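In what follows, subunit A forms one complex with subunit B and a second complex with subunit C.
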Partner chain A sequence: MNYNWDWSILVSEPYMGWLLQGFGWTIAVSSAAWLIAFTLGSTLGIMRTTESRLLRWIGTGYVELFRNVPLLVQFFLWFFVFPEILPDDASRWVKREMPLPAFTTAVVALGLYTASRVCEQVRSGIEAIGPGQRAAGKAMGFSEPQIYRYVLLPVGYRIIIPPLTSEFLTVFKNSSLALTIGVIELTAATRQIEEYTFQGFEAFTAATVIYSVITFAVMGAMRVVERRTRVPGTVALGAK
Partner chain B sequence: MSDFDFSVILDNLPFLIEGLGMTFLLTLLAIAGGLAIGTLLALARLSGFAPLAMVAAAYTNFFRSLPLILVIFWFYFLVPLILGRPVGGFYSVLVAFILFEAAYYSEIIRAGISSVRSGQVAAARALGMNYWQTMGDVVLPQAFRAMTPVLLTQAIILFQDTSLVYVVGLKDFLVSAELVANRDQRLVEMFTFAAAVYLVFCLLGSYAVRRLQQRFAT
Partner chain C sequence: MIVLDKVSKRYGDFQVLTDCSTQVARSEVVVVCGPSGSGKSTLIKTVNGLEPFQGGTITVDGIDVGDPKTDLTRLRARIGMVFQNFELFPHMSVVQNIRVAQIKVLKRPEAEAHQKALALLDRVGLGEQAEKFPSQLSGGQQQRVAIARALAMDPIAMLFDEPTSALDPEMINEVLDVMQELAAEGMTMMVVTHEMGFARRVADRVIFMDEGRIVEDAETDQFFGTPRSDRAQLFLSKILHH
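This part shows the complex of A and B:
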């Protein structure tokens, strides 16, 4: 194996700046996409547990559609196809005036895709509570929104903290797909360093370390949260 | 939408089917390799021999903390470097997929093995079977039966993930569709068609998963 090691490349300019900027974009894409995924996913998850057949049907349809098309294809659909099928004015706005087109598209695509996964977690959390609590809420004279607000959701979210954590980490990792439409996030930045310097080993190592450190840090932190919020009297899923 | 041109799809159908063949080939080889290494990793983790279990756990957690795209880039860069000569994108991508999937499969298989009741192991040992006979003839067949639905779900995810070979330009289904899209300036038609094809295959797959779950549930 013939290779010239040069680890100093990682701390010299402009490469260190590329790495830091890439990391910044990774964080920005992941957190913005998570915001969409969490709110929309929760809404859809709740819809799938309500008594209305229409709402349940919409939730199921959304999940089946978004989970069964590869994320990369969804990126391309939002980036290349969506602006074309809009009415003229909207199409022009998306193509010419929308701020940060690649970033915005990546956030929307990743957010909507992940919402389908969050939806399934929220649904399973609510279903895990069992019908007794809902019946009890009804017997106390709660309206349906009140049952969700005061009975089902506070317990449901606590049950699904571990799977939600891994969904968040999946968003964090999937944000690397944004490079396919031109967002220079962490993976793209290291690829760029490799192409400019041929020091691929050092560059990819940097990205690898950053991704795994963040992952293990988030997992460690969430384990503490999970222990503190465990629902008394239940076998916490994936605890310990 | 009125000028949606179906003919571009029909005209390029043989080319697209060739790409789809590559997608399926990659999926199948990655499943086979991932299952083989994943099983070994799971056995290592459950072996009760601490150093071996730790190595397997470290491998699994490490790969699960990385984005697949980064792993693909790693091996695209590493494999030719280690071999000292350029190999096609196919082999480096295949290695990346197998090693990456092995981490995910090992977690599924570990859960599957743990679900086999311990009396089965005791009975096999009482009959005088050694470790490999116990695992190969008694535990693993039951474990794999129990986890078939989950393994199939993972296979569907893998099928979708093979589209990421786009980043190194390997000609799978998505890349073929993209090539046609750019050459004929038919982005809307080609990407919509690609999405529809993936959707149909994945829906068929998840229908099969549901059927299997119902069969095993009874």
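This part shows the complex of A and C:
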């Protein structure tokens, strides 16, 4: 193979700047999407475990809808189709005035998709606790929201820290799909560098390293969370 | 205090409870026994509305449990319940377990709730264990904490659902002793249990259930001396001779 290695492009402008900006957008898309995914997903997960048939039904419907359509298709639907089916005023606003259209759409698409997955994890965490704890909470006079706040969620979240960590990592990796609608995140920046310099190996090596650094940082942070929330005397609450 | 009148319950086509009527007077201790599957746990759970029922009425301290307008949450806060599997909150220390509902449900000041929790722990002989977590305690200790947790709410009555069935034999007595003290102090108690020794020593009345019906409801002496029904006699002969 006749390939001229040149690692220096990675630290020369404008390419280093592109990488850093790509890194920045990846972090921004992923964190904002995770915020949506975590709050909405938790709400839906809770809804799926309540005694209200209507709430359970809404939660189930959401999951089935968002989990079963490929993420890339969802990006396209939100970006190309959704603005067209809005009423005129709203449609015009989305197409012309909405700030950072590609970024916003990417955050919404990734956030709503990931929420369906977080929902299932929260649900499984709560269901793993068993009916006795809910009964105990009721018997003490807790209202249903109080049962979730003080009894079910503190235990349920502890149980699902490992899968939730994986989900958080997946958000960073899935955020690379945002390039398809024009967000110059890390993967898009890398491709751009390759096209300008033909140094694809160096560029993608850099991207790989940066993604790895992100995931290691997340894993480290989640490990701290897991240690801090560990209940004394238990190896893992879920193993009960 | 607790009045059950023709209570019936079914899961789909399966009739769990049929026309169960009985009463528990203030300061009375009533033991509910019977073979497994006889509906005794279900019956006791209908008293504080943990199990819904379709027929009949239950009133506790004059409040209609089955009435959809009844604030069950408020009623439950006044009735203590102890479960077979303790059901302590695993992520809270022992003292937090006893404090939490006092603070969040009864709106007691934290310091007062804390003092009350420590006093109750002393009373059940676990004053030293306040800062431990449930998983660091033995089953008998956990069940005593659960009793303390229920007592912290100053209940008007206590319901016990097989409180010693999940315990190793050597731990059963430490729990029964606490319950016996409680009975001696005049607590109104409804106890589902297989501990016939406890029933004989402590209960004022014994209810015997079979296939979802109350087959026998008698004074303790009478129940153990001359049970009227064949099924209760058979049950006693099996359970007392092992």
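In this text, the second predicted complex is superposed on the first by the 231 of 240 C-alpha atoms of A that agree within 3 Å, B and C clash if a C-alpha of one lies under 4 Å from a C-alpha of the other, contacts with A are read in each partner's own complex, and residues count from 1 in each chain.
We take it that contacts are C-beta pairs under 8 Å (C-beta built on N, C-alpha and C of every residue); 3 or more make two chains touch, one makes a residue touch a chain.
Every value quoted in this text rests on a predicted model; they were computed, and no experiment measured them.
Visitor: Taking the superposition on A as described, I'd like to know which of subunit B and subunit C A:56 touches: first, second, both or neither.
Guide: In the superposed model, A:56 contacts neither subunit B nor subunit C.
Visitor: Let me test your reading of the model: by the given contact rule, A:3 touches which partner, first (subunit B), second (subunit C), both or neither?
Guide: Touch status of A:3: first partner only.
Visitor: Between subunit B (first) and subunit C (second), which does A:179 come into contact with in this model arrangement: first, second, both, or neither?
Guide: first
Visitor: Quick one: is A:223 in contact with subunit B, with subunit C, with both, or with neither? Answer first, second, both or neither.
Guide: A:223 contacts neither subunit B nor subunit C.
Visitor: Touch check for A:133: first (subunit B), second (subunit C), both, or neither?
Guide: Second partner only.
Visitor: By the touch definition at the top of the document, which applies to A:64: first (subunit B), second (subunit C), both, or neither?
Guide: The answer is first: A:64 touches subunit B but not subunit C.
Visitor: On subunit A, what residues does subunit B touch that subunit C touches as well?
Guide: The overlap between the subunit B and subunit C interfaces on subunit A is empty, containing no residue.
Visitor: Considering the complex alone, what residue numbers of subunit A touch subunit B?
Guide: Those residues of subunit A that touch subunit B are 1-3, 64-65, 67-74, 76-77, 80-81, 84-85, 169, 173-177, 179-180, 187, 190-191, 194, 200-201, 204, 207-208, 211-212, 215-216.
Visitor: Quick one: in the complex, what on subunit B touches subunit A?
Guide: Interface residues on subunit B, with respect to subunit A: 1, 61-62, 64-70, 73-74, 77, 81-82, 84, 156, 160-161, 163-164, 166-167, 174, 178, 181, 187-188, 191-192, 194-195, 198-199, 202-203, 206.
Visitor: Using the touch definition up top, name the residues of subunit C that touch subunit A in the complex.
Guide: Going by the criterion above, the answer is residues 45, 48, 50, 73-74, 76-81, 83, 85, 87-91, 100-101, 104-106, 132-136, 149-150, 153.
Visitor: Enumerate the contact residues on subunit A facing subunit C in the complex.
Guide: Of all residues in subunit A, those touching subunit C are 132-133, 135-136, 138-143, 146, 150-151, 154-155, 158, 231-234, 237, 240.
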